[in-house]
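The structure under discussion appears below in the form of structure tokens.
Each chain gets a letter, A, B and C, in the order it is written, and its residues are counted from 1.
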Amino acid sequence: MSIMGSMSQKRWVWGLALIIVLPALPLFLSRFYLYLLALIAVTGLLATSLNMVLGFGGMYQFHHTVFYGVGAYAAALMLTKTGLTPWLGFITAPFVSAMFGLVMGLICVRLSKLYFGMLQISLGSLVWAIVFRWYSFTGGDDGIHGVPIPDSISSAAGSYYFTLAVTGASLLIMWLMVNSPFGRTFQAVRDNPQRCEAIGVNVKRHQLVGLIIAAFFGGVAGVLFVVVEKSVFPDMMFWTHSLEILIMCLLGGWYTFLGPMLGAAVMVTLRSLVGIYTEYWTMVLGIILMLLIFFLPQGVLGFLLDKLRPDNSAARPEEV
Amino acid sequence: MLRVHELQKSFGGFMAVTEANLAVDQGEIIAVIGPNGAGKTTLFNLITGQLKPDKGRITFKGQDIAGLPAYRVCRLGISRSFQIVNIFSRLTVFENVQVAVLAYLKRTLNLLRPVKHLAIRETKDILVNFGLMDKADRTSGSLSYGDQKVLEMAIALGNRPELLILDEPTAGMSAEETAGVIKLIHRMTADLGLTILFCEHDMEMVFSISHRIMVMQMGRTIVEGTPDEVKNNPMVQEAYLGGEEE
Amino acid sequence: MEPASNITVTALCQQVLVGLSRTTILFIVSSGLSLVLGVLRIPNIFHGSLYMIGAFLTYSIATYFGGGSIGFWVALILAPAGVALLSLALERGVFSRLYDREHLMLLLFTFAMALVLGDLVKLIWGSDYRSLAAPMILQGSFLVMGLPFPRYSLFLLIVGPVVAFGLWFLTNKTKIGKISRAAAVDMEMVGAVGINVSWVFASVFVIGCFLAGLGGALVAPTQNISQGMGHNIIIEAFLIVIMGGLGNIWGALLGAAIFGLTDSVGILVWPQYAIVFPYLSVVMVLLFRPKGLLKSVW
């Protein structure tokens, strides 16, 4: 990511500060704020995984939370229905999500942009409908509550540390992927799939691989959700939730790596703050989104980075 | 090297290419000319796999390539540039070419190696050759039109083609920029042994650099020959050149 | 849990009729969505909110006129008209400024509208369920092959073809219809021959939204009028439109029929999972015909 290049010195200072401050927070903060931070990390990881295909691959991933939900349900079901060690459940669940990604990808990637997104919504809604109705297995619309989490990570501080560590590691891996040959090629596919074919890149295969990666880390986020909330419910993979995550990517800036994390932090915090004063959170969300689309389509972080590189800002196309 | 035999393609009811024939041999510079709508771009799209032909054969080095997907055609050694600027507008100039080199090296599915250290020398060589080195770190979308056209060609060289197909490489360029492109084409054939197939409206350029010229009209190859033969052919003069030279 | 084995022919017929009356609602809503998608290329998510607003408006208007039969008939006309007016204001005020944006931005913007409209409905009507009685003449049931069939469903079975015919007439026989079909294929061409594209877009958008409101008005007496109804219908409508072929009105009809019938017959076969069948039918159709059953205008 050359966009970040000019910030590279500062970036290390910030990174170091985070490495010192974040682990120390449980000493100062109440349970509620730890929970909020953990939720930000989970949601941010989910948004970042979506952005792998959305911002870096240009794919219309309209129903990403399916993979989040599948990961969460896979973990919750393994923890509640089998006697296996919970850790095995945590590790298996993201692979289950990745498998879903593979199947969905095989069906969807042959289609053009908008059709891809719509077919994904229909497949995702099918998964949602099944989970919603299958009371005997998934708990239906009630979901599954009181998932037994290992003692070492079930406390507020414990789940905070676990979430932080896994999110950090996942972000690092995704960052490496964005800056790998695959990541660069994927961005080229985003900018111009036709040209990519013409230079010898099998576009569909790259899109499939991207989708599987996104699904995998979506599943990781799902596992973390189970650890933080100790429950799962079908609404986490309802289509409106997918669009909310998409908004976080837009808010932070989807051509930046950390934008979605920033977007998630802002939205999760806002939601809990606004929630105190009014029950009309969705209206606030809607208005924020409208303002964004009108005035800041490149997102907050994208806007700041463009400002830092004046030579390019003028030439960036307005559209996504 | 490249043989096109009785190629045909229609869109709906419209015959874009009715009967195209073409032979390109190693080391040649071949031009395809013809009025707008003669089917030149369609012909190129058929050869490089952007479109699938309805009928006819295309062979490259003896291998049948008609109907192969574009990325497979490219891997066999045919590369192309496009008439409209067709680059990766959010990537830097360097990255634009680097992706093409990575594709050639079959590294694009490599997930964890830092891309920073890969294909650097190959990419730089191409950028130096095309005079783009001083703009390497600029976002390609911010380049001037002329530079974007040059980058367009540079990308096509990223995967070391044997046959390079250029669709109106100098369209919209100033006389000075056109001269630069001509120089580039000469250098590519001389230094890299490239075979070049191109189409162009700038007749001066066509007649100055081509070894042979193919004239298309209404989707048909009507004449093929050396520049002199083509210039003196009455059919061509009537169909195409006549109007311009009078 | 296990599939019912004692499916009788009469029960099947009854469910088919129920499915077809459901088809009417689905068709009316999704044809509006399809129209907007086909001509304006906007995946309009707040189409579902307009459907919900149509239902709530019908309730309020009918109640205002005493809640009797007359109230319903008045509401059936006024509520969709109100929705159409609202959409006209939105189109002129906001959307006409966004047409050059990318699909994804437009989709998100319509989602933002859906969020705001959803909360506005909550502000105005509260979060309680509302229910509305059908007019006297449409209450009760006929006997069909010995089983009761609601009169209101029969009414819907009549309304469906009428609306379909109206739409066919509008798109094929009127000037605006012809222009909008041309615009769906090649917008620049229409602009080039001197037709005011902006005006065409506004009309198509309003007609599409009117249909959402009409769907909401028609569904009002058949179910609880509630906050979430917009969220469900919009996904169903999207799936129907995709299944039928984007922008194709007859595709919307076909898709609605498949969706409605698999749902109602599915209840007979396997009640608990009936909700799954329509979704499954969409996936099956798209597996074999990824671009939908009928020709898409895209």
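Throughout what follows, contacts are C-beta pairs under 8 Å (C-beta built on N, C-alpha and C of every residue); 3 or more make two chains touch, one makes a residue touch a chain.
None of the values given here were measured: they were computed from a predicted structure.
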Topology of the chain contact graph, where touching chains are joined (line, ring, star, complete, other): line
Closest chain to global C-alpha mean, per-chain Cα centroids: A
Farthest chain relative to subunit C (centres taken as mean CA coordinates): B
Subunit A and subunit B: spacing of chain centres that average the CA atoms, whole Å: 41
Euclidean distance of C-alpha centroids - subunit A vs subunit C, Å: 32
Interchain centroid distance [CA atoms averaged], subunit B/subunit C, Å: 50
Subunit C, residues touching no fewer than two other chains: none
Partner subunit B, residues of subunit A touching it in the complex: 2, 173, 176-177, 179-185, 187-188, 190-192, 194-203, 205-206, 209, 213, 255, 311-312, 314-317
List of subunit B residues in touch with subunit A within their complex: 48-50, 69-71, 74-75, 79-80, 82, 86-92, 95-96, 98-100, 102-104, 107-116, 118, 137-139, 141-142, 155-156, 158-159
List of subunit A residues in touch with subunit C within their complex: 60, 62, 107, 110-111, 113-115, 118-119, 121-123, 125-126, 129-130, 132-136, 238-240, 243, 246-247, 250, 279-280, 282-283, 285-287, 289-290, 293, 297, 319-320
Subunit C to subunit A touching residues, read off their complex: 1, 43, 45, 98, 101-105, 107-109, 111-116, 118-120, 122-123, 231, 235, 238-239, 242, 272-273, 275-276, 279-280, 282-283, 286-287, 290-291
